[in-house]
Each structure stands twice: as C-alpha cells, then as structure tokens.
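Read through the structures below before going on.
The following pair of complexes shares a single chain, subunit A, combined with subunit B in the former and subunit C in the latter.
Moving on to the complex of A and B:
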C-alpha cells in the first residue's frame, strides 16, 4: 500500500455500504463494511466491481457508460448525491460511505429505479416538440436556426436525468409531486426552442403551481450537486419570472 | 405463465430500437420495447462526435452529396460492404437528420462569415456562405472527402437519443425497462417474440409478437478493454445464434478506435482530430504524416489504429504503469473551442485523468470500439434464415460497414436503418402471413427451458466461477484477437475459448442465490453466451486468411479479392456443438457500382480479382456514355446500380441541397 504515483499514497480503504434487499423478507437495511486495497486511478466503478467480484457477488449497483454521461450510477457518496463512475477514490477520505439515492424506488443496495420516475416526469411535462400543424418534409432543407440559439438549447439539453438534483432537493422532501430542477430545466429548454409551438400559457398549465416553479424554496441544492453544471439557478429564476407574468396576465 | 402480446417486439431501447418503434407505431402497429436500462441511458448516448449526412451546408462540405458519401463508405469498408445497402443508407441519412432536427435535436448551425479552424496544424480562415446561415453545419472526420459529420458539440448521441426517446413518449410507445430478453420464441422457422427476465424481481415473461427486432448494439465487452458501455455484451447476437436458425455475419470485423484514454478505455471523439488535434509520440513528434502523408491523423480508423500500434512497437510509445501509449494533443485548438465543441472530452479528461486538455496532452491508445459484424439480415433488416426476426443498428450486419466503419456512420446508421426497417416490418405486419401461429405449448416449453437453466445455475455444486471464465475470455480476446492478428495466436485463442465454453456449461452461482435482482446470476448466464459470441469472432478471424479493413493478419497482409470477397456467416445449429458453424456468402463484383480498387493507404497490397477489372471497365464505359449524353448524376447512378426500388416509397425522393433545389431535375 505504499506505492506512490502522482504523489498519491495508495491506502486500504474502508467502504461502508448501506445494504438492503427488498425481495428478501429476512433482510433489513444495514451497513456492511468492506476493506479494499486502493489502486491507481481507482474510481468507485472499479471499487464496487472489485467488491462484487472478490468479496460479495450479490452487491447491487448500476453502471452503464462508466464515463459520466449516461446518468445511471448516481448514489450518495459520503452523503452527497453524485455520479459514482467518475468519482476517483483518491479524492475521497480513506473512509467512504455509500448509500442509494433517496426518493427513488429501491431495487436493492445501491441500485435504484430512476427510469420510472423520469419517464413519469417526461410524460407529465410532455417533454417533446409540440408541432402538430406542420407536415414534416424530410426531403427539403431543414428549418433554419440561429447558431447561438442552437448552442443555448444544447446547453440545457445536456441534462442526463441522473436524479442527483432530485436527491439534493429540499422542496421535494415536502412535496413529493414537485417536478424538481430536472423538470424545470426541461421546461426552460423547450421554452427556448422555437420548434416547440407551446406558448407561455401552456407552460403555465404544466409548472405554474407549487408542484412546479412556485414550489421551489430556492435552497438550490440542485445547482450544487448537478454533475453537468447546468445553470439551474438562473433558469429556475427566469422561469419563475416568466410564469409570474403569465399568471398575473391571466 | 405471463404472456404479453404485441405486434412488434423490439429488444433494445437505443437509437435504432426507438426509431423502429416510432416508425411501426406511425403505421398503426403496436410496439413494445424491452430494455436493460432506461432508453436514455443506452450506449447510443456515448456517441460523441457526430452523425454523417451529406447536407453540404458548411463551406468545407460544399460539393458533398450521396455519391461522395457512398464512395467514402465503400472505400472505408475495404469493399466488404453491401453496396446497395450503403446506397440506401447514404440516400436516407439527410432525411433522418432532418427528421431529428424537427424532433428537437439542437444541431450546431452554420454561422455566416469568417471563422478560424485548425487544418493540418495550421490556422486557416473559412468563410461560410450567407445562404447557408442557420442550416446544420458539419465537422471533419476520418476517411471522408468532405466535412460531413453533423454534431451537437461532442454530445451528439446524447442529444439524438433524448430527442428520439422523447418522440417515443409522444408516440406512446410502450417501454418495459430492466427486462432482458434471454431467448427467442420460434416455431416452424418463424420467430414469434422472446422470453424475457425481469431484472428487478426475476419474473420470466413471454412476449409474443408478429415481428421481433433485435437492436441491442454491439459485443465489445467480450474484450478486456473497450470503449463500449458495460451492457454491450452481445446478448442480442447470442440469443439469435441460440435459435440454431438465425445467422451472424462478419463477426470477426472488430473496430479499434485510435483514441481511448489510458487506462480506462473511455472514448475521446474522432472530432478531436477532425477539429485539428494531433497524435504525438514519446518525443512529442507528430508521426502520422510519415505513415500516411495524405490523410495523416484523419485516415480511416483501422489505418490510424494500426499505424499507432506500429509506432508503439518501434519503441516510440510513452511508458506508463498501464503499458505504452501515445499522446493526443488538442491544446492547439484553444480553450474556447474545446469548451464549446469538445466539452465532454474536457469533462472526461478532468474526471478520469485529472488533466486539463486545453493545457496538457491526453494519453491515448487504440481500443476496441465497434462491432461491424452482427445478426445477418437482408436489406430489409430481416434475418436471412429466420422469418419474422429483424435486426438493425450495430446489432445487425445488413451490411453497410463491411470490414471498417467510418466515424460518424454509426449513429447515422442507427436512425436510418431504424426508419427503413420500421417500414419493412410494418409492411410485413400488414400481410396475413404475419399472423401469430405459435402453439401455447411451445411458449410453455420455451419458458420451462429458461426456468430450468436458471435453476441449474443456482443449484449446481462444485461448478465453475463465471467471473474467472469471463476474465480469461476477455484477456484472450485482447491478446490474441486484437488489432494485428496471426494464425498461431488465433488458433490458441479458439482452442482456449472452446475449452472455456465447455467449462461454462458447469457454471455455479456462488453464495448469491436469489431469483430476483441478482447480479451474480446475470453474470453467469451472460458469460455462457458471451463465450459463444467470442468464439464466433475468434474462429471467423482464424479462418479468414487475408487482411481486410479492421481484420489485419500479419501472416496474410494482402487483401485477397480473388478468394475472400465474401462474408463470413456463422451459426450454431446444434446446441451440443462446442464450436460455431462457419459458411460464406459471395459478394458479387458484377453488380458493384464501385468495383474493388486501391483504398489509398500505404502501398497497394491487394490480390485483385480478375472480375474487378472487367467491372471497372464496364462501369467506366457506362459512365462515359451517359456523361457524353448529358445525363445527371442520378441517371448515371441508376444505370450502374439501381437501388431506389428497394426503398419504401416515402423515402425514394431526392434530397434538397442549396445547390440542388427540389423539383428542378426529373428522373
């Protein structure tokens, strides 16, 4: 454990994992501790697979891309929601605690069902381009868009639905139907997009209440934990002003 | 017994599967998608650099069209591709991208006036036309004559996948997440759906359908290091193989991407080099111009990967804890460019390497990246041997990539093949022969077989450890079925894999005995199937005694058109056999629009087929005659190799470009 590289001393890591298998009637939530030799460049992806392969093959967790882009592996790392795959152990203390992201259905151990939640959100907010009038002609030149506007939309389109902002949200603890920063960001994204023909009134119907933009208590845990550094704070503020104006106009 | 009926069952919720689903829905057929993970987490999201479509909007793309895209694709494939399929693809790529633009992808756009770019390590000024302002722009990629790769920064796949999944929401496509297809249902040569296992509670469900589509992506994870997501384990190919009827094509055609980071193998996009990034060796020397003076860093992927490996073998690699690597230098592009157009690359470098790529070089080496091979289908996406089974995207071999895929052609293929195959499936579902004629006793039999297999894995004693077998397989594939291959290593690989496969029949799931969510159980049955897939790759590579595209044999360095202009077809007819059955399918030269020729890299090592010259002369004569008669490029193309009749009628029309307005020419 003494080998040095990049000035980092490899350690014996103590990893506490909150475990529970809801399918096992005899099981109950408990902490299990694993001692793991740290390796160079070790991420929590590598660490958890090491545990599964050599210590306990029943340990449940989710990775897909393992490159920080698919949003599958969100969990609480030392209490903070983040993507496990791109978390290097050398940036953490020797004692690491891992727990599943709260608020989502637990599949087992660190594995959670974000898919159903996000699908419900997308259906509720109708996060797709609404443009039923126009018949699409795929042979003709595409509709033009200002280059800067395309970049701005992409900026908000970068959300990976990882659920960190939901887990980091104070409001949602009290209002389970709150759409969260992930939902508000999506509304901001479609509002910006001229291809979506919905108007402010339509958006008001979707998020002009306390489960939408007026529910946010502005604690902004979302902004702190977003792994993609999305401009959630400014977009929520913008949406709130816009929705307020729309609401006052009636 | 739980049975769910639908018209079209789609296995895989990435770009290809989603596009099939929305397509058949539009035609009035029900669709259910089975997916291991929420669709937005599919590996399609990892496509960074872009999608090829010959829009010809940006200045460096001017003059581009289907003909140029077609020629690039065929040369890229080292003449292994099906030319009619490649034509269908290049014709429909502009349509697919325009559709995606309407569905919400924020494609980067042409900005009128001057901008600077880095080309061949020099700063140049490019002037964009006024009339192109606001249309979809493109960047340069390897092996292409024009700037044709359309993008949203370097998150192209992500944006495409999100738009596509959102469209599927809008179309009310039924999506069953965390459902893994573990066997295909079939009777009397017809496929009728699949048996799936719920990964959350372990329940087995029979999905019965008129048509079944496999869109599960590639099989990169049979290798120890791969850029692929960890779910890309070849399970779609494996369950097709296990029918004993469906066949796989060109499984040995494996692409290695030049620039994955060391050691973890995460991709940095070809866009890095397309935008002007350089490859450097341990001395900081730019070596690619020495090997490929013409295309340099932007030669085709297989070529760059081999040149890098050669250079490392000459001792020019950078020594590291994890073996030798080379450098990718994008610092010359400048921080502003990187933070706008290569931001995923920047995040990856920061998070996994702890470096800032605007300041420091990125350690890279060639890494398994793409599976050209897959489920062998007709141009309609249907298995050649099992009626009612379809496949598209990376999972399939229909076969537009031959032995090497061009960067930017994969995400493009997902949506193009998805839109086409959806139409062919819908046509099939419109006919009476699509009706479901499977006995319920057959469904019960299939369910019972799968139940028993799982039971066996959980109850066998003194069995094998699946992890041990799998790691051994991954290592064999890395060391013996890699970028450069030779007969001795390949024979060893095949023998060792066969031995592992035999052992895999006796896998025991140790300790973790749950029938519900159980990663050890999943690993056990997938390892058995991965070994079959690995055997098809290694055995196909051993038998193919030539070098073509990404399949490079040191003992057979020539591309052998005289003997090997054919596709490898693999099947597993008897479940007791421990080696796949291999046959071949000829690729007829007489029908080619672009007869085999020199690809343009290194020196010409081709052993030519005498027919190639005959066809070249025929093609030249037809072209000359028609050109003299003032024929359009469309008329010439049609005379050489008609393909449009194969397309669904709604996609047969021409594509508009700034210099090719619609309605001016008539065919």
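Moving on to the complex of A and C:
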C-alpha cells in the first residue's frame, strides 16, 4: 500500500474522532479511533466517507459541495477550525484529531447546526440592504457602481458562514454575545455598499459596543483560520476607526 | 424622525484603553533607556538624575518634579488598569475557557493576549509598589542611592519581575495596538503584521537585555561599592552649592 507518488509516502492514519449524540440520553462524549489507509490526494472528506462506508455507518458529519463553497464541513482538525473538504491528509500528521466546532448546536459527532446561529446573527445585525422601500421603484434602473467598489464588496461577500472564525475566536468563547468576525465583516460589507442608506450612527447602534467592534480583543484567531482568507483583521480595524469617530463625535 | 442619541461610552473606553497604553509604553521606552545610563558611567546616570530634577533648567534640584511625574504616570497607570480590566476574564470559568482555547488552537496571537492578562495582573502589584516608592522618595535616586535601594532595600527581585512584565506587556501591547487600529497597515496586512511582529520581538529582546544589564550594574554597585563616604554620589564635575 505504501507506494510513493509526488514524493509522498502513504501512511496508515490514526484518526481520533470526538463522538457524541446529544439526542441519546445514554451517550456521553468520547473519542473513537479509526485506522485508515491513506490514499493519494485524500482529503478529510474522502477519509470520513471511507470511515462511514467501511468502519462505522453511524458516524455523523456534513458535506455538500466538497469544494469549499458551502461551508458545511467546518470542524476542528487537530484543534484548528477549518473546512474538511479542502484539507489534504498529506498535509497532516499521521495522527489526526477531529472534533465538532464549539459554540454551535451539536447535531451529533462532527455535524453541527450553524444555520440557527447565523440566522440569529443576520437578524440581529440586519444584514440586508436598507433602502427606502416605500419609495423604491422596481421599474427604475439600479444605480451604477464603480467596478472597483463592486469588487471590494464582492471580496467581503465571499463569506460562506462556515463558523471557523467563531470557533477560532477566544473572545466569543468567553463572551458568547460578541458578534464575532463573521458579523463585523458583514457590517463592513454593508457599510461599503452605496445602496444601503444606513448612516454611521445606525451602524454604531448595531456594533458600537462591547458586544460589537469594541469587544474585539484582536486575538486574530479569525484572520488566521478563515478558510476564505477574508481580510478580517483589516476590516475590523477599519470598522473600529469608523465607530470611534462616530462615537467621539456623538 | 429624530434618532435617539447613541451611547458614546464604549467608544471612549476603547480609546482611553489604547491611548493610555500607548503613553505608558512610550514612557517605559524612555524610562529604561534613561535608567541604562548607569551602563555608561555613574557620572552619566547622575546627570540624567539631575536633568529630571530640573537642575539644568532651574539651576537647583527639585526632586518634587520626580514625585509629580510619578503621580502623573500613576494616574495614567490606574486609568489604564481600570479600563483594561473590562477585558480580563472575570470568572474562573472564562479564564479556563480561554486557557483551553489557546492551548488547543496553538495560536500565537491568542497566547500573546494571555501574556497581556498575566503580566497586566502582575503589574497591579509590582507597578504600584514601584510607583509609590518614586512618589514618596523622589530624592533617593542616583548612581549610589538607587543601588542601595536595589540591594539593601531588597528591590532587586521586584524590579526583575517588573522588568520582564513591563517590557513584554508594553511591546506586545504596541504590536496589538498597531493591528487593532490598522496603524501602518499598508496594502498587504499580512506583510505589515509580520513586520510589526518582528519589531515587537526585537524591541522585547533589546529592552530585556538593556534592562537586565542595568539592573545587574546597580546590584554590582550596591554590593561592591564602599559607602563609608555616605550613599550620595559626589560628582567631580558638578558642584552643588550645598556641598561647598
């Protein structure tokens, strides 16, 4: 089995998975170890399917797109939040530990429900275009936008709500009311958008407090784990400067 | 429709924390350098002492100026501690969560913040002792007087702990300030962060070396110098009226 290709020696992987079914009153969180033969180009997606097909068909985990777009396969890989579908086993040690992301509702094993949390966040931060809806004329042409600005907005819109930044943030672990990088990134995105008519004071009402941008302690876990490489550090700094100016002016 | 007024306090508190931290860090940078004048010579350290006592401006020594400076720094120090306390884990549960998080994430910047919490906490006590001493006995500074304080006054262990706490806290703090507010971020924030981190490490190292060597020098003077002429340093070049 252990043939070489691209200079990589295939190994027998030891995979520790934190398992727990919260709906089973007799179950308790425990580590289960699987031994898996590594394959060429193997991702954690392939590995987990291998386990489910050949070792234990009760293992729960989520995948949809397998291409780092849907954000459903986020999990802790050796303690670090990341997308399993984009993680190649050859980049990891022979001993791999997998656990579900903390803070989100656990469905079972590695499967979590980020949807409820993210929906709550989006409702709280009102992450949609605020326009004068009564005056909105659906027949009129939309205002034009400079391509550079559109690119800048699109850059932030690449967020897939996978929850990695939330799991990588020490602040939100300690203080669960903190909006986290995913929320602050969204505010930065709508602030850029000229179609959103909210002013700085409106944004200050949303994130100008200890649960918002002033609660961020710049641990930069978000920046360092974001699988989409969003410019979180720089956008949070930008938001902080803007909110400070708004706050000091009053 | 008139909008309700926004609450300015969170913005102000965040600004005060950053601003007082920056002032204290800059102060420490100067403080440790001035103090290291002992590494050049006793005479040099004596001149620096005279400068801060206003001798070169008023022609007379006013140790009260040191008291005043120490009081001003104390006020900023207390203000910084008061606002920065908001961020510290206030319950054991929070502390434990954070410890577990940093341990499992293996993430340097999260660990740096833990160092800030621990050194900040230590300085509630270490810094207070030192600042009070400077306020209460501003005339006890000089190449010999300081050495006596360090050795016979048993301040050396406290100063050593304080040195490590304050140097790491100040430069980690400045690094974090730069990232927090986007100072000199440039187009590539990953690259500028690397440079900031490199500077942080460099400054910590340089200041720990300078600080440790000066402390060692004061200890050496305190242990080896013959104080039979008194503990006050007598300059060969500067004659005080009181000494004539």
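As a working rule, the second predicted complex is superposed on the first by the 240 of 250 C-alpha atoms of A that agree within 3 Å, B and C clash if a C-alpha of one lies under 4 Å from a C-alpha of the other, contacts with A are read in each partner's own complex, and residues count from 1 in each chain.
Simple rule for what comes next: a contact is a pair of C-beta atoms (placed from the backbone, for glycine too) under 8 Å apart; a residue touches a chain by one contact, two chains touch by 3 or more.
Fair warning: this is a prediction, and the values are worked out from it, not measured in the lab.
A.B. asks: A:240 in the overlay: touching subunit B, subunit C, both, or neither? Say first, second, both or neither.
C.D. replies: second
A.B. asks: So, A:64: does it touch subunit B (first), subunit C (second), both, or neither?
C.D. replies: Only subunit B is touched by A:64; subunit C is not.
A.B. asks: I'd like to know which partner A:18 touches here: subunit B for first, subunit C for second, both or neither.
C.D. replies: After superposing on A, A:18 lies clear of both subunit B and subunit C.
A.B. asks: Which partner does A:160 contact after superposing on A: first (subunit B), second (subunit C), both, neither?
C.D. replies: first
A.B. asks: So, does A:139 touch the first partner subunit B, the second partner subunit C, both, or neither?
C.D. replies: The answer is first: A:139 touches subunit B but not subunit C.
A.B. asks: Among the partners subunit B and subunit C, which is in contact with a greater number of residues of subunit A?
C.D. replies: The partner making contact with more of subunit A's residues is B.
A.B. asks: Once chain A of both complexes is superposed, is A:248 in touch with subunit B (first), subunit C (second), both, or neither?
C.D. replies: In the superposition, A:248 contacts subunit C only.
A.B. asks: Which positions of subunit A touch subunit B when the two form their complex?
C.D. replies: 5-6, 21, 23-24, 40-41, 43, 52-53, 56-60, 62-72, 86, 88, 107-108, 111, 113-116, 118-119, 122-123, 126-129, 131, 134, 136, 138-147, 150-151, 153-154, 157-158, 160-161, 193, 195-196
A.B. asks: Show which residues of subunit B lie in contact with subunit A when the two form their complex.
C.D. replies: Touching subunit A from subunit B are residues 37-38, 40-43, 45-46, 55, 94-99, 101-104, 106-111, 133-137, 152-153, 155, 158-159, 162-163, 166-167, 169-170, 175, 177-178, 200-202, 229-231, 263-264, 266-267, 321, 340, 344, 347-348, 351-352, 354, 467, 509-512, 514, 516-520, 523, 651, 653-658, 662.
A.B. asks: Please give the residue numbers of subunit A that touch subunit C in the complex, ascending.
C.D. replies: Those residues of subunit A that touch subunit C are 76, 79-80, 168, 170, 173-175, 201, 204-205, 208-210, 212, 214, 216-221, 224, 231, 233-234, 237-238, 240-241, 243-244, 246-248, 250.
A.B. asks: Spell out the residues on subunit C that touch subunit A in their complex, using ranges where they run on.
C.D. replies: 3, 5-8, 10-15, 86-87, 89, 94, 97-98, 101-102, 104-107, 109-110, 113, 176, 179-182, 185, 189, 193
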